[in-house]
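Note that subunit A is present in both complexes that follow, paired respectively with subunit B and with subunit C.
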Partner chain A sequence: MTITQDDLRFDPDRKLKVVGTTPIKPDGVDKVTGRAKFGADTHLPGMLVGKVLRSPHAHAIIKSIDTSSAAALAGVKAVVTRDDFPELPPGEFRDISSNCMAREKAFYDGHAVAAVAATSERIAKKALKLIEVDYQVLPHVIDVMDAIKPDAPILFEDMVTKGMDPAPDGPTNILQRKEFTMGDVDAGFAEADIIVEREFDTKPMHQGYIEPQACVANFTEDGQTELWCCTQGHFVFRTRLAAVLKMDISRIRVTQSELGGGFGGKTMFYAEPVAILLSRKANRPVKITLTRNEVLRATGPVAGTHSRIKMGMTKDGRFTAAEAELYFQTGPFTGSAFANAPQAMFTRYDLQNIRAVGYEVVSNRPKVNAFRAPCVPQVVFGVEGVIHELARKIGMDPIDLRLKNAATEGYKTIYGATFGPIGYVETLEAAKAHPHYTAPLGPDQGRGIATGFWFNRGGETTASLNITPDGTVTLLLGNPDVAGSRVSICMMAAEELGIPVDKVRPIIGDTSTLGFNRVTAGSRVTFSAGMAIVLSARKAIETLCQRAAMMWDVPEDGVVFEDGHVRPASSNVGDFEPLSIADIAKKATETGGPIAGHAEIVAEGAGPGFGCHIVDVEVDKETGAVKILRYTVVEDAGKAIHPHQVEGQYQGGAVQGIGWALNEEYIYDKDGRMENAGFLDYRIPVASDVPMIDTVIVEVPNPLHPYGLRGVGEVPLVPTMAAIANAIDDAIGIRPRSLPMSPPKVLKLIEEAEMSRDQA
Partner chain B sequence: MARSHVTTTVNGDEYEFLCDAEQTLLDVLRDELFLTGTKEGCATGDCGACSVMLDGRLVCACLVLGVEAAGKLIETIEGLAHGDELHPLQQKFLEHNGAQCGICTPGTLIAAKALLAVNPDPSETEIRYWLAGNLCRCTGYDKIIRAVMAAAEEMREGRS
Partner chain C sequence: MDEMRYEAPETLDAAVALLAGADGDARILAGGTDVLVLLHSDMIEPGLLVDIKKIPELTSIAVEAGGFRVGAAVSAMELVEHDAFSKAWPGVIEGVKLIGSIQIMGRATMGGNLCNASPAADSVPALIAAGAIGTIVGPEGRRDVPVEDIATAPGETSLGKGEILVSFLFPPRPPHSGDAYRRFTPRTEMDIAVVGVGISLSLDDGGTCQAARVVLGAVAERALLVEAAAAALIGTPLDEAALERLAAAASAACRPIDDKRGTKEFRIKVAGVLARRAAQDALERARGN
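Right after this comes the complex of A and B.
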């Protein structure tokens, strides 16, 4: 019998020994001792330093590039420009390539235009200054709503908007339009007693990982490429690099380092193909480490948005319809994943009538990249604000209103799937029961709640599990561990095999060691790799049973595996001492060879995740400063394999959202240059900005996973900004509709409210 | 350009190196001595990932020139454990999951050790303000603060 993914169903009666505990993670000691190797920590003999020259203009035709003086400088071993990149047909890979190295035009301040490799950083920097670029500066546009104005500077004269009927007459900056509908929206609004319609703005933020991108490329004389880099998906990097550089996939070997934070921002490469081309020209390894300035000007960010959101409700609090018009900035190339937003923004409510239209708009800022639940938190900021207002209008408790409209098992979503067992109601109930929800508040303090949803993902996943000759176990995994997946996967392997978790050691293999793995994103890895490793373990157990039967000379169906041992299935089989995995492993050579299990799957059955955040704020009416006093994240994990890792996701997501809510934004000068490209001026939350983040792990098992888990990495960011804005309203009676809710903006809202009160 | 010859002490061991005038202590530690446990997050003194001790003073290695290390005593993350015994801060970071991705962890541990040297019984607020220069994007700081509080408690008990 061959075990498949379909055999991996949740068993509620299973007694767990390892899953649900909090062992120290296998990568822990390396991380607290400085041993862990991150992107910039690889050194190769003879390695050169690569540096990238970047456009100082937001929008400019590159008329010519003269690299002759740079190339002639002593110590310079290679120079690369657009001329070194292969021509590609229009589409995804040409976009990727053009973002890594500008072609006819530079599209944003920081767009790469040339690169050098030299024997020292000093020489490389000097060489960059010797490169002469002749720019013809063009008018630029930064803001998403400015970019769709009729007189806006056009980025691509040949761009035909996709998804518009009829298509616009000429070129616009609207790259594409996508519409999602269900039910009859007009009839739904006709049924409503109360309709609230509001507009919202959010600003781009950076993913803010502390580790700048870094890579080392080594191109050999026989056309092989080795690449070491920090990435969320080395297999995906390999595929895209092969396409961009027109190489065979098998000739590229990508080894992922420990990942110093990604949050979606390291799902795409920037300097990696440049480093490979430099290495090819120089015939030596080349390392490129981005500076923080480069990280902020040329990687990330998250799409900024403008949205119009309308919802209808009966006077007893039943939602009847929802409508949304959403604009997402994407930089010069597609990449916002904006279609997530219309599909996820209302999903958690039992709405039957929805129309949501999204537009992806190009402008002169860096190409956006994924960030926890890409494009969803931005629009949930609006949705949960409208619902907050609806609750106020009928005087209903905001959690009660959400409970009254909560989607439950059997709800058919706008994206076509029908919910199985989900934990939205349980999450809301847990939030309502939390002492935080009813704790007293002081003057100028307020409390807000908001909720969020994420699909969670599965996808291509491979894994290998090897029983060593002494019965301990090694795992080979194919996904970079962004924060705690490795330990959780080891725990599931240990649980299956009935051995202590410290007998299981994982490594993450390079791209030549395993079959293809989809990128670490969308909260897919602990779920998917967990499935793959459980499948691998069960295949190994099948072999262990066969071997034990052979050792005892009994039929294969005469043995069972329990608690880490193979035992006779009954006394009729014979009187044998149970055999441990070690006992069987020791005899493996005599019984047929090494024992292992492996799996190559497209993981299916990811269970949707839901969260509810409760936040208390205090608003300083003199300065407009908002202080976070207390924060509680309640979220359904299905099953927390390692509760500390799950809590870490909840807490980290919430604090990223606090930064997005209160402070983080890109500031541009009149020429479209980023003015705050450093951690001093682009200020992410620091330890003294935030309180402890309380967590409640709700567990409504996902029936399609052997341990019931759901992904937990995306949802913790989704409701944060909305919850804080709702809390500000509770404190001062004004619900901000534009991010960030920074002191000057909040102060302006307070002053405007006072003025209109005076006039009234 | 002539490079400077520098002799310094890192984690109790004497090191010699040559460095350019503009190379920082961070560059020297990572690229000349291959002590890559000290991390670069910004190179402008804003993130604290390169926190090290220089003659007993907590500094950002990216704001110190390599030549300034001459004759100084430097302590980095590689010297925090004693033999096979982890420092209580390291142990508590493991137990409390204070290191998520781990890139900020070496700098945070060095900074936390410096705090406990001057204040063995810090309040949560004191820890938060002391570590305000050590940016972390993964954890939301909660588990870091708890780990430092737990280590401080253990170290106080160890002393009494």
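Right after this comes the complex of A and C.
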């Protein structure tokens, strides 16, 4: 009998020894001592420095590139341009390739147009200045709503909008349209006593990881590529690099470093193929480390949006219908994952009638990338604002209104799945019961709440568990650890094997050590790799039992595994001292060889996650400054394997959302150049901007995971901006509908409200 | 390749000689918290860096003529930890304390803050409000100038080739004096002032304002000493009407630009708000001593 994923069901009666505790992370000490190796920490003998020349224009035809003087400079070992990239048919990989190195056109300020490898950084920089690019500058467009105006500059003359039948004639910047509907929206609105319809804007938000991308590429004489880089998915990088560079997948080996933050932003590569091509030409290893300026100008933010959201409700507070029209700014190439938004934005309410249409729009900004629950927080900013207004209209407590409309087990979602046991109601109830919700407020202070949902994901996952000769255990995992997954996976292995967690040591293998793993994203890894490791452990346990039976010379079904030991199943089997894993491992050579377990699965059964945020703000009415006074994140984790890691996710999501809500934005000059490409003026929050974020972990187990977990990486960001905007309304009587809610904008709202009050 | 030379002379004369004799771009290096940022972002490519931190005159704090003489290259942190100075000039310290973070303050200097000539420099408004005098030494000798005459425009100063700002002389404090600095930034720290206001004032025994200096930062090409704003306070008990006039005068003096850090409209409005708040802080301090 072989164990499969289907055998890994949640067992509510299981007594837990390790899961739910808070051991030190296996990677923790190296991180605090500075020993951990990040993207830029790989050094190879003879390594060159690669530097990228970037377009200073937001939109320009590249007529010619003359690299001869750069190539002639002493110390320059290779120069690459678009001519070095293989031709590809239109589609995903051509887009990826064209984003890494501009072809006919440069589409944004910062778009790569050439690169050099030289013996020093100084020489490389000097060489960049010697490259002559002849640009024909074109009119550009930055904002999503400007890009769909009839007279907007067009990025791709041949673009035909996908997902519209018939596709509209003429040039367009609308790349694609997707519609999701359920029920009868018109009938739903006809049933409503109250309808609120509003428009909202959000700005593109950079993932804000502290570690800039860095990579070292080594192309060898027999056509193999080794690549070291910081990535959220080295297997996915490998597949895409093979496609973009037209190589066999097996000839590329990608080794991931520790990750100094990713948040979705390191699911796609930028300089990596450039470094490989430079290395091939120079015949030496090449390292490229992006600067912060390059990170902000050329790596993905998440999409900015414009949305129109309409909801209907009966006068006793039942939602009857919801409708949304959503525009997502994606940069020049698709990548926004905007279809998440229409599917997730209303999902948590027991709505039967929904129509949500999304458009993905190109413009002259960097290609967007994933960021925690891609495209969902932006539109939830609107949805939860409309619901906030609906609650006020009927004078109902905002949590009560959400409870009244909460989806529960059995609800069929707009994306087709039917909810199993979910924790939305439990989350709302925990928020309502929290002392924060009823604490007194001072003058100019206000409180807001908002809620969010994320699907959570599974997918291809592999793992290997090896029992060493002394009975301690090593794990080989295939997903970069972006946020504490390693420790949780070790804990699940330790729980299965009945050994202390510090007897389990993990590494993350390079792409040649394991089968394919999907990228670390979507809150999938602790869930999926947890399943893979539990499966691996149970296979190893099966072997341990076989070996013990062999050592005792009893039938296999005469033994059981309990508390880290194989024991006789009953006294009938014989009177044997239990064998520890170490006892069995010691004899492994005599009983059939090393003992291991491995798993290659497509993890299924991810449990949806729900969260509710409570935030208090104080507004300085004379300056428009918004101070976050208190913040509580309440969220269903299914089961917190390592509660500190879960809390870290809750807190981090809220802090990133605070930045997005209050200050973060790209500032462009009239020529479409980014003016604030640094952390001084791209204002992510600093520690003193945020209070200690309080957390409440709700646990409604996911029955389809052996330890009941759901995934907690995305939801903590989803409601943040909405909650803060709702709190601002509570403080000053104005609900902002455009991000960021920065001091000048809030002050303007206050002044406008005063003026209209004076006129009235 | 053109290499950059680094020198760290131990006397003022040697430093002046190096700077005066350099051909090409020579830069003074104090804490380097501006210079290094400029170097790393390829904004400047000096052939010579002259580190002035080894020169005793530039790095000492002394009592002189009943006031303080503070070396231009004294680190911000050292100044903050100087009890007597902090007690005398809490407003200057408020400005100095806002320079970056504790790490940045360990390096940054008030001389660098002034000579970097950013209109948003945080220590400058209170420094000017204090009526400090800058002592400058160069190939032509020594001269004393009011600090408001040193920075002239973004990145530009009135210092000539080879000249070094050596120290600041802070005048003695009459009784019932107080100063304060307030700035507005979207973030609480690690941010550049959108508006800054430094105010220093003295009261008579009856609580009437005898003297005042009001300085606005980040609302023009350099910090502005606004006489009309001071006039709104002088001769008043800093009552509501006076504060109202102060705010209006401060706003009226602004000639800001729209940039990535703030809009004109916002800066003008907030300059008035902060002037009023800074005046209230300074008043409270003046009453307390």
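Definition applied: the second predicted complex is superposed on the first by the 760 of 760 C-alpha atoms of A that agree within 3 Å, B and C clash if a C-alpha of one lies under 4 Å from a C-alpha of the other, contacts with A are read in each partner's own complex, and residues count from 1 in each chain.
By our rule, a residue touches a chain if its C-beta (ideal position, glycine included) is under 8 Å from a C-beta of that chain, and two chains touch if they have at least 3 such contacts.
Here the structure is a predicted model, which means the values were calculated and not measured.
When the two complexes are overlaid on their common chain A, residue A:676 makes contact with subunit C while staying clear of subunit B.
When the two structures are aligned on the shared chain, A:744 is found in touch with subunit C, with no touch to subunit B. With both structures placed on the common chain, the touch criterion links A:426 to neither subunit B nor subunit C.
Of the two partner chains placed by the overlay, subunit B and subunit C both lie in contact with A:122.
Judged by the touch definition given at the top, the superposed model places A:210 against subunit B, while subunit C stays out of reach.
Residue contacts after overlaying the shared chain place A:193 against neither subunit B nor subunit C. Look at A:645: by the touch rule set out above, it reaches subunit B but stays clear of subunit C.
Greater residue coverage of subunit A by touch, when subunit B is weighed against subunit C, goes to B. Once chain A of one complex is fitted onto chain A of the other, the partner contacts of A:688 extend to both subunit B and subunit C. Note: residues 122, 679-680, 685-686, 688-689 of subunit A belong to the subunit B contact set and to the subunit C contact set alike, using the contact criterion stated above.
By the touch criterion stated above, subunit C contacts subunit A in their complex at residues 1, 41-42, 184, 186-192, 194, 259-263, 265-266, 269-270, 273. Those residues of subunit B that touch subunit A in the complex are listed here as 1, 20, 22, 27, 30-31, 34-44, 46-47, 49, 76-78, 80-81, 86, 90, 93-97, 99-106, 109, 124-125, 127-129, 131-146.
Residues of subunit A touching subunit B in their complex: 22, 24-25, 27-38, 40-41, 43, 120-122, 207-212, 258-261, 263, 289, 291-292, 482-484, 644-645, 647-648, 651-656, 678-680, 684-690, 692-693. Subunit A meets subunit C in the complex at residues 122-123, 125-126, 293, 622-625, 662-663, 667, 675-676, 679-681, 683, 685-686, 688-689, 742-744, 747.
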